[in-house]
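Pasting the structures in now, so scroll down.
Two complexes, one shared chain (subunit A), two partners (subunit B, subunit C).
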Partner chain A sequence: MEPYISVKNVSHKYPNGVTAIKDINLDIHEGEVVAILGSNGSGKTTLVKHFNGLLKPTKGEITVGTMNTKKERISKLSSQVGYVFQNPNHQTFLPSVRQELAYGCKNLKMVDEDIETRVQKAIDLFQLEDRLDDNPFDLNSSQRKEVAMASIMAVSPKVIVLDEPTTGQDHKGCKRVLELVRMFKREGHIVVLITHDMHLIGELNCRTVVMNQSEKIADDHASVVFSNKGIMEEAGLQPPQITQFANQITRFDETKTYLTVESIIEWMKANKEEDVKVGTGS
Partner chain B sequence: MASKAIEVNNLTFSYPDTDEPVLKDINFSINHGEILGIIGPTGAGKSTLAMCVNGLVPQVINGEMEGTVKVNGSEVSGSSVAKMSEDVGFVFQEPENQLSQMTIEEEIAFGMGNLGVPRDEMLGRITDALDQVGLTGFEKRSPLALSGGQQQRLAIAAVLAMRPSIMIMDEPTSMLDPKGKNEVYDVLKNLKDYGMTGIIIDHEVERIAAYCDKVLVLHEGEVQMFAPSDEVFTNIGQLHELTLNAPQVTEFLDSYNQAFGKDVKLSTTLEESVDNFESACK
Partner chain C sequence: MNSLYMPKDSLIHSLDPRTKMLFVVFVVASSFILNDPALQLVFLVALFPLVVMAKVVKPYLISIQFLLLFAVLIMTVHGIYNPIGVTPVFEIFGGLTFKYESMVYASVMSFRILVIGTAAVLFVMTTHPSDMASALVKWKVPHSFAFILLSTFQIIPIIAREAKIVMEAQQARCLDVKGSLIQRVKNLVPMFAPLFIITFMKVHQLSYVLECRAFSRKGEKTSLRETKIGSLDYTFLLGMLGVLAFEIYLKLFMMGSLHLTTDALLTYSLFGTWIVFGFMIIKFVVKQFQGKIGGAN
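On to the complex of A and B.
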């Protein structure tokens, strides 16, 4: 199958001379959820800004669908690659949720009927019916983030980029982000996440690309990446606490990498691990 | 008897034009040298509570306040916010909101200048503060040219340089990578060595459990729990009721006990949880 996004030998040098990404190769296919990890300044955001043409490669080429990003307008690319910013305030500016939801579609000059259908779908999926007349700035940060995601969803781009979706979210908000990523996938979108949230990646159990000092140093399943100590240390990352815990427990299957609390409990149940002689505690 | 670092009695606060108080009858106190973590869902009143401690609420951000807040034995309402800033340093959630200067060294000098710190002393403190947050070598750069994570560390450095006796940080690590988050918590831990008192608001329960002496759980403006960290985070039933979570290791031990009818002692840190689980399995 042809990849939907194809990044070939891409480098980007900013006008100030800093090379932010170096010789990146990356193929992303339909239906994939891809997390991009790495420390601050490793090049994650620079890489992803190439997907919607906000940045053009100074070397190499990127194809999105059938479009070469160097040759297409940002407006056309952004109808296929929606970007949800880290701070929803940076993309929220209209006085009501209803207007906010329609904005992206209007900007792309869609016809009114089409806009109505798309906005209604976003309203239904995000259950925003009761909030349509609210001012987005009267909502709390989790709700405002959802409105930002819903307005991108209304445009229905093939690819949805989420930049640090769980930053500043409480536990409930983080669980909601997890549900939303799964919903985007169900609805046929490719999801690209830029994140520092190891718990989120653990729960998603998805493909994980690690950036370090402008280069791609790993690209594999989260369980493989998280168990690669060399890569994790090089990139200054730590796997989720539960993975670190499981790695130190002698009776656990050491060939497996556990990413969530539930997965260990399930494994123990399936393997009747409770029968292993377990003391009554201290 | 020596005064407490912070003492809050029967504090109730309402923002103008709201029906319900955002803080309801809050009571707690912390001793000098203690680190307090404040957790709670979005909208619980955490930031408002923190701003009551340096007098920003209600002196700058108006509303109706009842009860008393004492810092180092003196009532906050009796002194100006300017006077309070000598004692209480505040790092805001959004670093952009507190950065105003052209270069990083000027940014750090700004607060000290307002306190009248002599020039020679300033230079030494700038070096120290940058070193503590890992920004040495950035002196001449513009604060606006920094990444979100670096801005967050700069905001912390600027407050550290003012050498307050109490440091309040409102979600100071939201934009940082895992290594950067650890560095901020290490700064917090170092405060103890200087006899400083710290308050940190965060959703990062695993770090709160590892670094804070006490934890206050706020929910809809009320204190739901206030106790040593271990006590709060091992009370998983109540945390879940409040839509909060415990560290993953604590969640695991609790799930394990419930799934298999065991009573392994709960712990809130990685090392101790490994020990408890391993010794229970022998």
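On to the complex of A and C.
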């Protein structure tokens, strides 16, 4: 199958001479959820900013769908690659949630009925019925983030890029992000996540790309990456606590990497451990 | 610290900010006393060794480019169209004639901009913003006012950075920033609305942070960076006074017998700015071209 996003030997050098990414190769296929991990300054954001053309590669080539990002306008690429910024305040500015949702579609000069159906779909998916007339700035930060995501989603791009979606969110907000990512996947979108939230990746159990010092050092399933001590240490990452715990207890299956509490409970139930009470897992 | 300040070890850097502020005032005054293109040119050239001494030649030349744009515009447009001109100097194609009086006027204007610009750039690049604030406080400027000046220096780069992010964030919402002129004017709303809101939020936050650190406490404050006027400052100040006295002497007694401003000088300085401007355009075009063919480096 042809990859939807294809990154070929891409390097990016900023005008100040800093090389932020070096010789990256990456294929992202339809329906995939890809998490990009790495310490601050490792080039994660630089990489994903290439997907919607905010940055153009100084070497190599990126194809999104059938478009070469070097030749297309950002506004056109953005209709295919939705980018949710870390701080919703950078993106939202209209006085009501409804206008905010319609804004992207209006920029694409869609006809009114089309906008209406798309906005309605976003409202349904994000359950925003009660907040339509609220000013986004009156909402709390996780709600505002949701509005920002919904407004990107209203354009219904093929790819959704989330830049640190759980940073600064409370437990409820994090759980909601997890739900939303699953929902995006169900709706057939490709999701690209930049995050430091190992718990989130563990729960998603998705493909994980690790960046370190401008280079891609790993690209595999989360369970494989998390069990590779060398890579984790090199990138300065720590697997989720439950994974660390399971790695130190010998009676668990050593060939497997446990990413979630549920997976451990399942193992215990399967092995008839007596002290497991179903339903108190999380 | 995110400002234009260039930390270097030089004589100019070690001067007290107050001396340098007086220096800027002195240069502004001089540029008005020396109301003659030739003398101003001499003055401009005389300032250059200070730039070299401060070791900021390259950043100075980069920032002075923008002022040169003004100079080119003023010298060309005024030289041809200013109605005070009567004596033709030379003609370019299409019957457009540069006239002596208007060229003098234009040269005085543009050299003044360059001279004052040089002094200002020299001051900003060699003075740590905090030093400036503490020097102002020593001059009995209210502490909060000094802080306003200081924070302006700091907030401009912050706003510039935020503006870039907002721009990207709006483009990610399918905003076409390369549209027609009308479209671009319309785009100012999605650009500036978030920018204003974010800036207000930041300033609001800053006020809390300041209060948490006892900013509005009454009474004396100490400064982490102490500034002191030393013998170097006195020498510099004396030098400035000397030059100022000489300028006034020139102005009062010598103006009648000095005729340094000739047609040739005016023409050459006009051509000079054109040539430098031409280089800037060539450099710009080459850069654009390199960008188009996809980064040759």
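The rule is simple: the second predicted complex is superposed on the first by the 272 of 282 C-alpha atoms of A that agree within 3 Å, B and C clash if a C-alpha of one lies under 4 Å from a C-alpha of the other, contacts with A are read in each partner's own complex, and residues count from 1 in each chain.
Just so we're on the same page, contacts are C-beta pairs under 8 Å (C-beta built on N, C-alpha and C of every residue); 3 or more make two chains touch, one makes a residue touch a chain.
Since this is a predicted model, take the numbers as computed values, not measurements.
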**Item:** Partner chain in contact with A:Ile265 - subunit B first, subunit C second, else both or neither
**Value:** first
**Item:** Comparison of subunit B and subunit C by subunit A residues contacted
**Value:** B
**Request:** Using the touch definition from the top, say if A:Asn52 reaches subunit B (first), subunit C (second), both or neither.
**Result:** second
**Request:** Could you look at A:Lys121 and tell me whether it touches subunit B, subunit C, both or neither (first, second, both, neither)?
**Result:** neither
**Message:** By the touch definition at the top of the document, which applies to A:Tyr83: first (subunit B), second (subunit C), both, or neither?
**Reply:** second
**Item:** Which superposed partner A:Gly168 touches (first subunit B, second subunit C, both, neither)
**Value:** first
**Request:** For A:Gln248, decide between first (touching subunit B), second (touching subunit C), both and neither.
**Result:** first
**Asked** Given the touch rule stated above, what does A:Tyr103 touch, subunit B (first), subunit C (second), both, or neither?
**Response** second
**Prompt:** Between subunit B (first) and subunit C (second), which does A:Ser141 come into contact with in this model arrangement: first, second, both, or neither?
**Reply:** first
**Message:** Just checking: does A:His221 make contact with subunit B only, subunit C only, both, or neither of them? Give me first, second, both or neither.
**Reply:** neither
**Prompt:** Do subunit B and subunit C touch any of the same residues on subunit A, and if so, which?
**Reply:** none
**Asked** Taking the complex as given, what residues does subunit A use to touch subunit B?
**Response** 38-41, 86, 140-142, 164, 167-174, 196, 198-199, 236-238, 240-242, 244-245, 248-251, 261-262, 264-265, 268-269, 274, 276-282
**Request:** Would you pull the subunit B residues touching subunit A in the complex into a rising list?
**Result:** 40-43, 93, 147-150, 171, 174-181, 203, 206, 243-245, 247-249, 251-252, 255-256, 259-260, 262-265, 270, 273-274, 276-282
**Item:** Residue ranges of subunit A in contact with subunit C within the complex
**Value:** 13, 49, 52, 54, 56, 58-59, 70, 73-75, 78-79, 82-85, 87, 89-93, 103-104, 107-108, 137, 151-152, 155
**Message:** If we count contacts the way the header does, which residues on subunit C are in touch with subunit A in the complex?
**Reply:** 162, 165-166, 168-178, 189-190, 193-194, 197-198, 201, 294-295, 297
